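Chain naming follows the written order as A, B and C, and within any one chain the residues start at number 1.
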Amino acid sequence: MITKQQVLEFLKDYDPENITIATVCSHSSLQIFDGARKEGFRTLGICADKPPKFYDAFPRAKPDEYLIVESYTDIMNRAEELRKKNIIIIPHSSFIYYLGKENFSGMAVPTFGNRAAIEWESDRDKESKWFLGAGIHMPGKIDDPHDIKGPVMVEYEGAKGGKGFFVARSYKEFNELVDRTRKYAVQEFINGTRYDLHYFYSPIRNEGYTLSKGSLELLSMDRRVESNADEIFRLGSPGELIEAGICPTYVLTGNVPLVARESLLSRIFSLGEQVVEESLALFGGITGAFCIEAVITDSLEIKVFELSSRIVSGTNFYISGSPYSDLMQKDLSTGRRIAIEIKEAARTNQLDKILS
Amino acid sequence: MITKQQVLEFLKDYDPENITIATVCSHSSLQIFDGARKEGFRTLGICADKPPKFYDAFPRAKPDEYLIVESYTDIMNRAEELRKKNIIIIPHSSFIYYLGKENFSGMAVPTFGNRAAIEWESDRDKESKWFLGAGIHMPGKIDDPHDIKGPVMVEYEGAKGGKGFFVARSYKEFNELVDRTRKYAVQEFINGTRYDLHYFYSPIRNEGYTLSKGSLELLSMDRRVESNADEIFRLGSPGELIEAGICPTYVLTGNVPLVARESLLSRIFSLGEQVVEESLALFGGITGAFCIEAVITDSLEIKVFELSSRIVSGTNFYISGSPYSDLMQKDLSTGRRIAIEIKEAARTNQLDKILS
Amino acid sequence: MITKQQVLEFLKDYDPENITIATVCSHSSLQIFDGARKEGFRTLGICADKPPKFYDAFPRAKPDEYLIVESYTDIMNRAEELRKKNIIIIPHSSFIYYLGKENFSGMAVPTFGNRAAIEWESDRDKESKWFLGAGIHMPGKIDDPHDIKGPVMVEYEGAKGGKGFFVARSYKEFNELVDRTRKYAVQEFINGTRYDLHYFYSPIRNEGYTLSKGSLELLSMDRRVESNADEIFRLGSPGELIEAGICPTYVLTGNVPLVARESLLSRIFSLGEQVVEESLALFGGITGAFCIEAVITDSLEIKVFELSSRIVSGTNFYISGSPYSDLMQKDLSTGRRIAIEIKEAARTNQLDKILS
């Protein structure tokens, strides 16, 4: 675990006028490099084996330089080399997944955002505490299946990456379908429409624990494209599929752009504010881009499922702006917004507020 | 009811070079204010209680000024104050809903569009007359359920905002499902894909009852995101859900952008033309933005469900242009198109043609 | 059949500085004309009867000139007239459908792309050979229904334009549903999410059979909107609909924009490369825009269904650029990319490489 103090020490040797933005070549890296270049930064792409050939097809995003590693954990041994290049890392979820959470926490390179957030978002109990503190109710967990009163989503333990789920509309159905030899968790099924909400919180525009004007932004939103759940109805209904031994899965393959009703924006902003304010109280705050995965019901309630305290891939559609960010500044992606924050922090000597 | 004559009287005191665009802060107001500002207008946001905090996050759309009202009906008492500011109101459906139709008709402030249209679109019989006159066939109504020959959509009376519907595939099914203690209306179910078509009709570019070249525009299109109907298949088929006592609902939560086959454009334009031409004959014409809610079947027929004679929220995605408006002018939203129409009318002394 | 030699002869009389871009006014013509004009070309729209009125609403796309034909096959008799105007034809699928494949092959006007490709994509056996050579596995065909082990898609012979299909989840179900008086083909049903991938291959940027850096581009992607399959779940599940005698259909009515996970891009590019490289070996190569219709499964496999060796209508959303093309050049549609290729080929005397 790298401490804030150590990161501040590293920064003493940095030339704030020659920062290079780096990330692993995956997930949202095209956007991150494109945004960094638009703000005048040099860019460095970290990749295993060799640079992805497809970067040649995207000249505006292709990084200025590559760091080739044997395996991603090798990044840990290259920290000094990276610091010598005045590198600031922009982490995304593939970055953290490839490196491992432990390694990520210990990586001795200044990193955009608050690395403490990862602990709070990936531990179910901590996340619950955070959300409850923020006044946000997640879908109810049902400990005893006898308490099932309506539709539920059941997830088997150890299931990975969107697989190992089933849906039941009643206790009776649950009882018929469940494989009792496996461990499972039961959660209320929320009927509605899915929205991933892409926020940006700027610590350098904020003072104190209550958000100042304009320090929370909504940059865009998307709907996850989930394979096979999104198109499985073409094959059969949940009931019909069970007979054929086919289960829905929720593996992300891409993202569809959309907007929400304008009358929901007040609550969408409140939601983000509560999440940020509680995070400031709990662990120093989430910093920069974050995403709330929500379902909007037919009572126009916004039910929160998950939080990701960094740039998400759903922002990739909006490389040249979105219906929301266009109302702040033209050609503003989340990647570029991150670069603007770093530039502004470097200029005003506040890098300590946005790096960890 | 304010007469055209009264509006023309009001306009005599207006300074056409200092018009301010106003609307209620909801629905499509970000787009309306952004568009107005791009055309050089001052903007005023009307809101109950206090200005929505989230406007601070969208500096390009934030109105220059607010009018705070205790309740929206209070707008009726502020007419003189609004007129003194050279206000032109851009109404949207939340505006009319908050104010009430009666009040809206009587509001003593010059308003973009033809206020007579609201009567024709919201009364089923008048709408039918309008559409029949325009040669447009809406989904058939079935007065006697014994006449049900194929799939139908049943709506209970008094159902509000997208709730109170069910689908039946046959008379037998209808018979099993219907609650005969309630009043209901039965309508043919149209199987296909939904498109909301965003038109703009310019009276100042047109002469007479037959549309001149270029006086009808297609600015964009969207698909409504409806909660819970859009994703309800993840929980069960209509049949499976009925057993669980769950009904589909059609509450708008947002909008997905899309384009239609180019070969459909001729018919999409004809549809719009017929609607405008018939409206000119019936009540002086719909003016400015309007939307046709349609389903396109697998025979490539365009079935019309509803008409909205003003800006719709589905245009919100296209704040910086759409695949269609980009072929007219860059960066052209429906909100901006409205502002352009007002600007042009003011410049050429034709405000009487577009206000009511 | 027009030979390359004949086309080269035609080109000798062309003024490379006064080329006019022409196509039939349908499908993706707005985009083609808009793109051509942005690159400084004159444009000519071919239409039967009279020019589509709706072009007046899209001044940036409206062609400079029309060629009115009695019926589209009449284009065959106008070849000399077209050549005298230094016309290069941009074919799209409506163009080929209206004219007929035979006529299209024999049309005595220089045409963008390799006309030989049409034979290879429209003949199932040739397409299979092409794809197998490229290492791409299409959904398995099942010759003997007794071999049905999982879900299948059944297509009746002679079915047209997205109609005449049904889905079965097992041999038993197939057996119950199939109409044995009709001929049919059975194919594995691939469960996943649909993506149409829009590529561009530039022969003038490439050397030899192995693709050089940057000679293959990914310009955008979309999801087809299919009527009635996309929204049929609102009416019933496949099982429930069969009882009501309703079949799913797959008629294209429009397109929704989307992006894919960035981690899939490497494989998306490999796929495109293999298809191009094999086409170079088999028939001189597909040239310019092409599209791979794919399904991405929950194992993140990309299953290929069909290939279209020209501009597809799914590119129409991206008239002013896409999340992918924005990383090459601003405001780059597929239509404009085609115009750029022609301009560059004309400038460097390489029109022979991109026309047929």
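As a working rule, a contact is a pair of C-beta atoms (placed from the backbone, for glycine too) under 8 Å apart; a residue touches a chain by one contact, two chains touch by 3 or more.
This structure is a prediction, so every number in the text was calculated from the model and none was measured.
Undergrad: For the sequence-identical pair chain A and chain C, what is the superposition rotation angle on Cα atoms, to the nearest 5 degrees?
TA: When the C-alpha atoms are superposed, chain A turns by 120 degrees onto chain C.
Undergrad: Since chain A and chain B are copies that touch, just let me know if over half of their interface numbering is common to both, same, or not, different.
TA: Result for this pair: different.
Undergrad: Report the inter-centroid distance (CA atoms only) between chain A and chain B in whole Å.
TA: Once rounded, the distance between the two centres reads 35 Å.
Undergrad: Indicate the residues of chain B shared as contacts by at least two other chains.
TA: 232-233, 237, 239-240, 256-257
Undergrad: Quick one: which bits of chain A touch chain B in the complex? Just the residue numbers, please.
TA: 150-151, 167, 169-170, 189, 191-195, 213-214, 216-218, 221, 223, 229, 232-233, 237-240, 248, 256-266, 268-269, 296-300, 321, 323-324, 326-328, 330
Undergrad: Along chain B, where are the residues that touch chain A in the complex?
TA: So the residues of chain B in touch with chain A come to 26-30, 34, 52-54, 56-61, 94, 162-163, 225-228, 230-237, 239-241, 243-244, 246, 249, 251-257, 313, 316-320.
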